[in-house]
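Shown below is the structure under consideration.
Going by the order they are written in, the chains are A, B, C, D and E; count residues from 1 in each one.
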Amino acid sequence: MSGALLYALTGGVLFAMGLAGMILQKHLLRRILAFNILGSGSFLALIGLGQRGGPPDPVPQAMVLTGIVVAVCATALALALARRLLSLTGTMSLPGDEDVTD
Amino acid sequence: MTELLFDALLAIALVWTALRALLVPELFRSVMLFIAFGLLLALAWARLDAPDLALAEAAIGAGLTGALLLDAVGHLHRIEDARRKQENPEGRERRGEPS
Amino acid sequence: MQTFDAMLALFLLANLLVALARVMRGPSAADRMLAALLFGTVGVAVLLLLAQVQALPALNDVALVFALLAAITGVAFVRRAWRDPRSGNSGDPDDAA
Amino acid sequence: MIPGSIKRAGRVLALGLSLGLALLLGWAMFDLPPAEIRLPEQVAARLAETGVSHPVTAVLLDFRSYDTLLEVGVLLLAVIGVLATRAEVRDGVEPAPEPVLLALARVTVPLMVVVAGYLLWAGAHRPGGAFQAGAVLAASGVLLRLAGRLPAWATPGFTMRLGLAVGLLIFLIVAAGVMVGGVTLLDYPSDLAGGLILLIEAGLAVSIGLTLAGLFLSAPAPGANREDAS
Amino acid sequence: MTLLDWISAALLTVGAVFFLAGTVGLLRFPDVYTRLHALTKIDNLGLGFTVLGLLVRVESAAEALKLVMIWGLALAAGATLAYLIASGALERKLATDRLPGAEP
């Protein structure tokens, strides 16, 4: 098994973990963390699969580079929205889940 | 051989930090573990011959995501503290609450 | 020489992972932060060694960016996220040493 | 209200499905045949037409420049969203910065700008480029903010708005310009490609830096925070 | 292996030993203040030896400058953070009972 495939498999595991976290966590900040882990997992899978036994592939690298920057913007926007929700409703969870702040 | 061992250790560490970041009870610890996860991910990009990604991950993980998340955690802490003070003006201590 | 560098990099990575125990154990928020800062210094060394192992000089640039921005997380912690026990509840397990 | 037992069953189901997904992904990756199209070779074959010698930059700003154009739009939307959702608060006063912190900022911020410039220049022929340069620039903004040297961004002024948009504007002007010249959208003429890419990258680095910094700067300082009283 | 290779290997090994000492310190020292020493002094020394070990091998002046700059920046970051965290911990009265001069 080559190193690249190992990272791709890790990416798959991280993706599934992030997905489970996004479904199961109540706290919005934790959901944002789970979303980031999910994203990192898919990036790892893309790059790892592109690198199997060959020269480094620039196309997935460019795609993931844009992905990383978009992910940080999405994180910041999500944090701003969560903060707004907190100041309006006093809770850090979505309607339907039990209230949490900290 | 050594390099494969390095990859395996790094992969285990990535999964472990991510898992703990999702599972630990305290928010602050989970953010700390996530920051560690980001730095390990930069090492993974380096191993995957993708220095462009390692650069971006290092700059964004160390310079931005960490600051954003820590700021959000601090904001939550301050609100929590203000609320406790309101409920509990004499400042009686409540020990052992998870944060 | 490359095998030697790779072994050193592996050793330093193992060091990093052992330091993760401090993130888990705490006890105070500052202790957890210290372990995360360790990732900065040791990470730089690992990147410098990987640049030699993989013959990829661009990784030196990554190490430079790492070192340049290493302080920001710590400063953000001190200035924004470090709970002051005087303003809140002093019984918080995160801040009790 | 949903009863607890159903909730618990739902959680177990979600966990089980995620585990199944992980296994499925792993199995698919193990069995994946090697790709029939060799992208690295195709990129290498046409690298000379782009005017840059680093393949990742070539893909980002020439072969797939359409994606990058849209991505800059997404970044702009994100920062607009962040600015729009922030509550009506006065900026709090950052606690007075320690002199040591100011000294650190004084040493590292100029270096960050230099390193950003270096990464921007390096992008044409080795790893680096507008995204990395922008991220380093943004980090310098974050450090200055933490040292109490930058105000929060309640409403960015005209210069700031121009700075945020300049990357997208230059990109669009170049895109429209080459269309007027008779080629399809973003298909630069080969002899100009290198210069155009550098121009776009410089604009992008400024915009990305301001955008990413703005994401942090739009959060009010902890000091006198009216939001906190809710 | 040439003489330079040996020197480089020796310096890198010394650096790794310092890193090990720093990690052990971070795990074994009793409070924040002592752990700060492990992190910001010993580890920066380890990085210094690593940089020295690699400096022996560099081929261009620009690379050498980059390496030295990396160490300088790590030192500046370490010094600043050591001060900020130590003074913050004192302000928050973290484990001050073990400091010299404290009431028993």
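In this section, a residue touches a chain if its C-beta (ideal position, glycine included) is under 8 Å from a C-beta of that chain, and two chains touch if they have at least 3 such contacts.
Model, not experiment: these values are computed from the prediction.
> Stepping chain to touching chain, what's the minimum from chain B to chain D?
1
> Starting from the defined contact criterion, work out which chains touch chain A and chain D both, please.
B
> Between D-E and C-D, which chain pair shares more contacting C-beta pairs?
Higher C-beta contact count between the two pairs: C-D.
> Among all chains, whose Cα centre is located farthest from the one for chain A?
E
> Need the CA-centroid distance for the pair chain C / chain E, whole Å please.
11
> With chain centres defined as C-alpha means, what is the inter-centre distance between chain A and chain E in Å?
32
> What is the distance in Å between the mean C-alpha positions of chain A and chain C?
Centre-to-centre distance between chain A and chain C: 21 Å.
> Could you check chain A for residues that touch two or more other chains and list them?
Answer for chain A, listing residues that touch two or more other chains: 9, 13, 17, 20, 56, 61-62, 65, 68-69, 72, 76, 83, 86.
> Where does chain D touch two or more other chains at once, residue-wise?
56, 101, 104, 108, 111, 119, 127-128, 131-132, 135-136, 139, 142-143, 146, 212, 215-216, 219, 222, 230
> Which chain E residues sit where two or more other chains touch them?
Chain E, residues with two or more chain partners: 69, 73, 76-77, 80, 84.
> If I apply the definition of touch given earlier, which pairs of chains qualify?
By the stated definition, chains touch in these pairs: A-B, A-D, B-C, B-D, C-D, C-E, D-E.
> Can you list the chain B residues touching chain A in their complex?
My answer: residues 3-4, 7-8, 11, 14-15, 18-19, 21-22, 27, 30-31, 34, 37, 41, 44-45, 47-50, 52-53, 56-57, 60, 64-65, 68-69, 72-73, 75-77, 79-80, 83, 99.
> Which residues of chain C touch chain E in the complex?
1, 4-5, 8, 11-12, 15, 18-19, 21-22, 28, 30-31, 33-35, 37-38, 40-42, 44-45, 48-49, 52, 57, 60-61, 63-64, 67-68, 70-71, 74-75, 78, 82, 84-86, 95, 97
> For a test of understanding, state which residues of chain C touch chain B in their complex under the given definition.
3, 6-7, 9-10, 13-14, 16-17, 20, 23-24, 26, 29, 32-33, 35-36, 39-40, 43, 46-47, 50, 53-54, 56, 58-59, 61-62, 65-66, 69-70, 72-73, 76-77, 80-83, 87-94
> Flag every residue of chain E that touches chain D in the complex, lowest number first.
69, 73, 76-77, 79-80, 83-84, 87
> Any idea which chain B residues touch chain D in the complex?
51-52, 55-56, 59-60, 62-64, 67-68, 71, 74-75, 78-79, 82
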